[in-house]
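So, here come the structures, one by one.
Okay, so chain A shows up in both of these, paired with chain B first and chain C after.
On to the complex of A and B.
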C-alpha cells in the first residue's frame, strides 16, 4: 500500500510549484511516485530514494580517495576549519531553508566569514541593478490574473523553469485573463531560437551580448523617436512593432534571466531593462521580475538582507557587514586567493564556477554539505551528506517573486542522517567552544607579555 | 586540422536539470552537458560528421566535448555548452568588478578531436584541480 501526500512544494527552481502530489510507501520512508511536477522536479524527489545514496560523512585521504567518518568527526573538522581560518568563505545557501541559512550566519559572524550565495553566479548583477535604480515588481499571482503582455528576455523557461508558463505566465486563465494564452501576447528576446522563443508571437533574435543596445532601442521606439536601420542585429521595423505591442497591453511584465545578467554589461543591462519598464508605465501598467534559479536563492538574499542589509557577498571578516561585489564576491575572492578556507552548503560551485575558482577550492581546507555526490564534494576535504530540504525536512523558502512558502516534509531521511540545520547547530556549538579557547589562550599570552 | 572560431554561451537545458538531479557522477550528466551545440553551418565549416568529439579552447582553458547539431538554432557563429563543469573549463572568469563571471560570450576555437575522450564530471574536475594528477 502507498499513500498520497498532496499540496507538496517542489524544491528545485524558483517557480516553487505548490501543487505536487507525492506517493510514498506505507512506512513513510520512500518516495514511490511523483505527480504534477516537471521532469526535473520529479527527478529531485525520486533521487532521494536512490539506492546508492551516500549516508555518512566522508573525508578525503592523502591519495585522493574518500573514507567514511562519523558525524562527530565531521562536526569537529568543520568547526576547526572555520574557527582557525582568518577569512573563510561560506558559500551556497540556495538549496536550503531560511532557518538553516540563519543558523549558518551565526557561525559566520563568530568566525568572521564572507557569506555569499549562488546569486553571485546568477542574479547578482540584478541585485546590484535594483539597488541602483529600484524595481517595479509584482507577484506571480498578479501575472496569472492580469498580465496580457509577457516578455521573456534572455531566459528560457521551457527548459529552466518548465512549469512557469503553464502555471503563471502564458497559459493559465486568471481573473482578468479568462482567455488564457489566447488573450496574451508573448515576446521573446534571445540569441537562439529557444523552445520558449518557438512559442512566442514575436521573437527578436538579438545578437549575443547586444542586449543593452536593444533595450535602449526599445526605449527610443516607445517614445516614437528615430532609430538606425538595424540595432543589435534586428531591423528597426521589428523594434517599432515590438514597442507598439508592449504599449498596447493592459498589464505587462518583463521576465529576464542569465542572458542579461551574465553577458557583458551585466548590471547595466538590467538598469536599462528596469528603465524600459519605467518608461512603459507612462503608457500602461508594467512590471519586471528576475527568473530566479534555485528554489531558495531568493530566501538567502532575504535572510542576508534582514540580518546585514545586503543580499549577497556579505563580508563579516572585520566584525561588521561590508558589501562590495567584485571585491567580496566568491569568484573574485577565490581567484585572488583572499580566502583561506571554504565551506559550501546547498550548492555546487565545483560544477558551476569557472575552473580557475574551483582549483582554489580544491587547494584549501574545504567542507561540502550536500545530499548528492557532486564535483564540489569530490574535491572538498570533507563531504557531509544531509537530508533533502523540501523532501525529508520542512523549511521556509522564497519563490522568485519574494513570496515565502513553507516547504513540506514528505518522507523520513535515511536513518541517522542530520538535516542542514542540525549539522550547522552542532558546528556552531563547537565553534563557540573553540573561539572561547582561542580567546583564553590569547588573553593568557597577552598577560605573559605585559607581566 | 581545421579550426573554427565561435562565440560560446552556456545555459540551462531540461536534460541538464534532470541529469543533474539524477546524480552528477552518472554518465547521463556527461551525455547531457559534455556536449557542444553547433549551428549546422559551423559544423560544415569544421568538416566533421556529428556527433563527433571536438576540442574547445579559449584563452581560459580547454575541454573535449561531443559536438552535435544545434537543437535551438539556427544561430551561425554561436555555440552552446549546457552549464556545468565542461562549459566552466573554458568560460571567461572575469567579473569586471561585478562578482559575476562572464559566462556568456567567450571567444573559443573548436577543432576535431576524434581520438580524445569526453571525461565524466568528477574525473574532469578532479583532473584539472588536483595537483600531481596528470590531465
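On to the complex of A and C.
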C-alpha cells in the first residue's frame, strides 16, 4: 500500500508549484511516485531515495579523501570555524527554509559574518535596480486572471521554469482571460531561438548585450518618438510594432531572467526595464517580475529584509548591518581575500562562482551544508548532509512573486540525519559557548595587562 | 511571577478616572490588582515625581508584511545613521521610517506601547505578516486582513447575499489569523487592476458593478451581524486629493442609522483611519486648504464613529498603502521610486518615498490639519493618535505629537519655522486654536480609546484591577507644567511592564517579553454555498491551493491568542 500526499510544494525553482501529489511508501520512508511536477521537480523528490546518498558528515583529509565524522564533530568544527574567524562569509540560503535562514542569521550576528545569498550572482542586479527606481509588480494570479500581454526578456521558462507558462503566464484560463493563450500575445526578447522564443507571437532577436539599447528604444517608441533605422540589431518597424502591441493590451507583464540581469549593463538594464513598465502605466496596466531561480532565494531576501533591512550582501562584521554590493558581495570579498572562513548552505558556489573565488573557498576553513554532493562540498573542509527541505522537512518558502507558501514534509529523512535548522541550532548553541569563553579569556587577559 | 508595586506616581487613567493623582499600581500574575492583593515578596518601584499610565495601544500602523518589507528592501538609504549594535538581549536593529522588526518592537516599547495593530494584511500574504510579527519582540500584535476589494465580497454584495459575506469574513479571519475587517479604497483598488480608480462612493467598480457605498454598508452589516470585537476599519476613497473632504463626509454618512452589536464594549460601527489625509479642501495644490473643522464637526456629532488622525510629522518617510492607484498618483507627483503589487482576487499595494518638507506649503497645511482634527475633537475616547506609520511620518514621532498637542507654544514655534508660514496660517485654523490637551486626554487618545474601539477594553488600555499588567512609567513630572520636556520623556520610558514582566528598567530594555498574536475566531453556522465558492475560486483563479492558503502551525504564531465570537444563526 502507498499513500498520497497532496498540495505539496515543489522545492526546485521560484515558480513554487504547490499542486504536486507525492506517492509515498506505506512506512513513510520512500517516495514512490511524483505527480504534476516537471521533470526537474520530480527528480528532486526521487533523489531523496537515491542509493548513493551521503547520510553522515564528511571531513576532508590531508590527501583530499573524505572521512565520515559524527554530527557532534561536525557541529564542533563548524562552530569553531565561525567563532574563530574575524570575518566569515555565510553564503547561500536559497535552497533552505526561512526558519533555517533565521537561525543562521542569529549565528551570523554573534560571529560578525557577512550574510549573502545567491542573488549576488543572479538577481542581485534586480534588487539594486529596484532600490534605484522601485518596481511595479503583481502576484502570478494577476497574470493568470488578467494579463493579455506577456513579455519574456532574457529568460527561457520552457527549460528553467518548466510549468511557469502552463500554470501562470501563457496557457491558463483565468477570470478575465477565458480564452487562455488565444487571448494573449506573447513576446520574447532573446538573442537565441530558445524553445520559449519558438512559442512567441513576436520574437525580437536582440543583439547579444544590447538589451539596454532595445529597452530604451521601446521607451522612445511607446511615446511615438523617432528611432534610428536599426537598434540592437532590430529594425525600427519591428520595435514600433512591439511597442504598439504592449500599449494596446489591457494588462501586461514583463518577466525577465539572467539573460538580462547578468549581461552587459546589469542593474542598468533592469532600471530601464522597470522604467519602461512605469511608462506603460501611462497607457495601460503593466507589471514586471524577476524570474527567480532557487525555490527560496526570494525568502532569503525577505528574511534578511525584515531582520536587517537589506535583501543580500549584508555585512554584520562591524556589529551592525552594512550593505554595499561590490564591497560586501561574496565574490568581491573572496577575490580580495577579505574573508577568513566560508560557510555555505543551500547553494553551490563551487559550480557557479568564478574559479578565482572557488580557489579561495578551497584554501579557507570551510563548511558546506547540503543534502547532495556538489562541486562546493568537494572543495569544502567539512560537508554536512542534511534532510531535504520540502521533501523531508517542512518550512516556509517565498515564491518569485514574494507569496509565502509552507513546504510540506512527505517522507522521513534517513535515520539520524539532522535538518538544516537543527544543525544550525546546535552550531548556534556551541558558538554561544565559545564566544563566552573567548569573552572571558579576553577579560582575563585585559585584567593581566592592567595589573 | 514577580509582583510589583509602582508607588506614588502621577497616574493618568481614563478607565478608572484617575486624573494625575498620586496613586499606586499593583501587578500580580500578569494582571493589575488591588495593592492589598500583593504579598511581601512584591518589588516596589518608586515612581515619585513620574507619570504612570497603562501600556499604549496602537490602532493603526504598517509594521509587518509584504509592503512594509518592500519599503525596507528598496530603501537602503533609510538605514543611514540609524543602526544600533547588538546589546544585551537586543538584536542589532536599524531603519528610520521603515525600521527592522526588532527595532519596531524596541521602539514601541520605549514609547510605552505594548499592543500594536498591523493595519493592512493582504490575505494571500498573511503568512508573511505573521512571520514578521513573530520576529517583532515585546508588543502584542494583531493584523487586519483587507476586504474592500476582495472578489468574494464584491460578488456577494452585488447579489446582496449578506449571510455569505459574514460566513466568508469568518472563514478568512480564521484562514489568515486576522483581527478585523479592513477596507482600503473600497472598489478603487480592484479598479486599479485595470489602471482605474473609484474616487467617489457612487463610482461603480469595473465588472463587479457595485459601488464603494454598497461595499461599506454591506461590510458594516456583516461586521455587526457577526458581532466582531472591532468595527469595520476604513480608509475611504479619494485619499490625498484636494477637495476630498466631501468624499469623506459621504463615507462617514454611510454609518448613519447603524448601531454597534457586540459583547466587547465597542460603541462605534465605523472606524475611519488617518482622517487627516481625507480632510482636504481646495480644488488643486495651489488653493489647497484645511477642512478639518467640517470633518471634526461631523465626527463630534455622531458617536457611532471613531477616527484616528494620521498626523503629518514633517519628516522624510516611506508611504505605503493598499490604495494602489493613490501610490501611482503619488509617484507621478513626486517622481520618486514606485513599487506596486497587485494581489490576485484580493487587493493591491503601492510604496513611494515622500518628504514632508517644512519648505512646502501643502506639507505645512497637512501638518496643521492633523493637529486641528485632534484639537477640534470633543471626545478623546473617539479620536486616536497615529501617523498612519510610516505614511504621514514614523511612529517614533508620537512623543513630538504629544508636545504639539500639549503646547500652543510648541505649535507656534513650528508655524514660525515654516518657509511659507503665512500661507500655512491662511489655509488653516491652527494658529487661532489655543487649546492644549492634557495628559488625561492623551491617555484616552492612546490607551483607553483605542483599546475600546478595538474591542479590547477587557484586556488593555487601563489600570483597573483585572486588566493585563501593561504599565509604563515616564520620567516626566506633570507638576513642572513644561510640556516642552514631554517629547524626551515619552520617547524613553523609564519603566515598562508587559503582562507583568518588566521589559524596561531604568530606561534600558531588559526583556523581550512573551509577545502574543491576537486574532478573532468567529464561529458561524456552516455555509455550504460559501465553502463551495471558496473551493471553486481556489481551483480556478488562485495560484495556491486552498490547503496551502491557511496560516497554520506554531512557527508562524508561536503564541496565539484567539478571541472567540459566536455569531447568531
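Here is the rule we use: the second predicted complex is superposed on the first by the 451 of 451 C-alpha atoms of A that agree within 3 Å, B and C clash if a C-alpha of one lies under 4 Å from a C-alpha of the other, contacts with A are read in each partner's own complex, and residues count from 1 in each chain.
FYI, a contact is a pair of C-beta atoms (placed from the backbone, for glycine too) under 8 Å apart; a residue touches a chain by one contact, two chains touch by 3 or more.
Everything numeric in this text was worked out from a predicted model, so none of it was measured.
Enquirer: If we overlay the two complexes on their shared chain A, which of chain B and chain C does A:262 touch? Say first, second, both or neither.
Expert: In the superposed model, A:262 contacts chain B only, not chain C.
Enquirer: Touching A:351 in the superposition: chain B (first), chain C (second), both, neither?
Expert: first
Enquirer: A:156 in the overlay: touching chain B, chain C, both, or neither? Say first, second, both or neither.
Expert: first
Enquirer: Let me test your reading of the model: by the given contact rule, A:69 touches which partner, first (chain B), second (chain C), both or neither?
Expert: A:69 sits against neither chain B nor chain C.
Enquirer: Which positions of chain A sit in both the chain B and the chain C interface?
Expert: In chain A, nothing is touched by chain B and also by chain C.
Enquirer: Given the complex with chain A, which residues does chain B contribute to the contact?
Expert: 7, 9, 11-14, 16-18, 20-25, 60-61, 70, 72-75, 78, 80, 83-85, 88-89, 91-93, 95-105, 121-122, 124-126, 128-131, 133
Enquirer: Quick one: in the complex, what on chain A touches chain C?
Expert: 6-7, 9, 18-19, 98-99, 102, 109, 127, 130-142, 144-146, 167-168, 174-176, 250-251, 278, 281, 284-285, 287, 301-303, 305-311, 316, 319-321, 323, 394, 396, 398, 401-406
Enquirer: Help me check something: in the complex, which residues belonging to chain A touch chain B?
Expert: Contacts found on chain A: 12-13, 38-40, 43-44, 47, 50, 52, 64, 120-121, 124-125, 128, 156, 158-160, 162, 191-195, 197, 205, 208-209, 258-259, 261-264, 266-267, 293, 312-313, 325-327, 329-332, 335, 348, 350-359, 361-363, 372-375, 378-379.
Enquirer: Can you tell me which positions in chain C touch chain A when the two form their complex?
Expert: The contact residues of chain C facing chain A are 64, 66, 68-69, 72-76, 78-79, 83-86, 91-92, 94-95, 98, 100-102, 124-125, 127-128, 131-132, 135, 151, 192-195, 207, 328, 331, 336-345, 348, 351-352, 540-545, 547-548, 552-553, 555-556.
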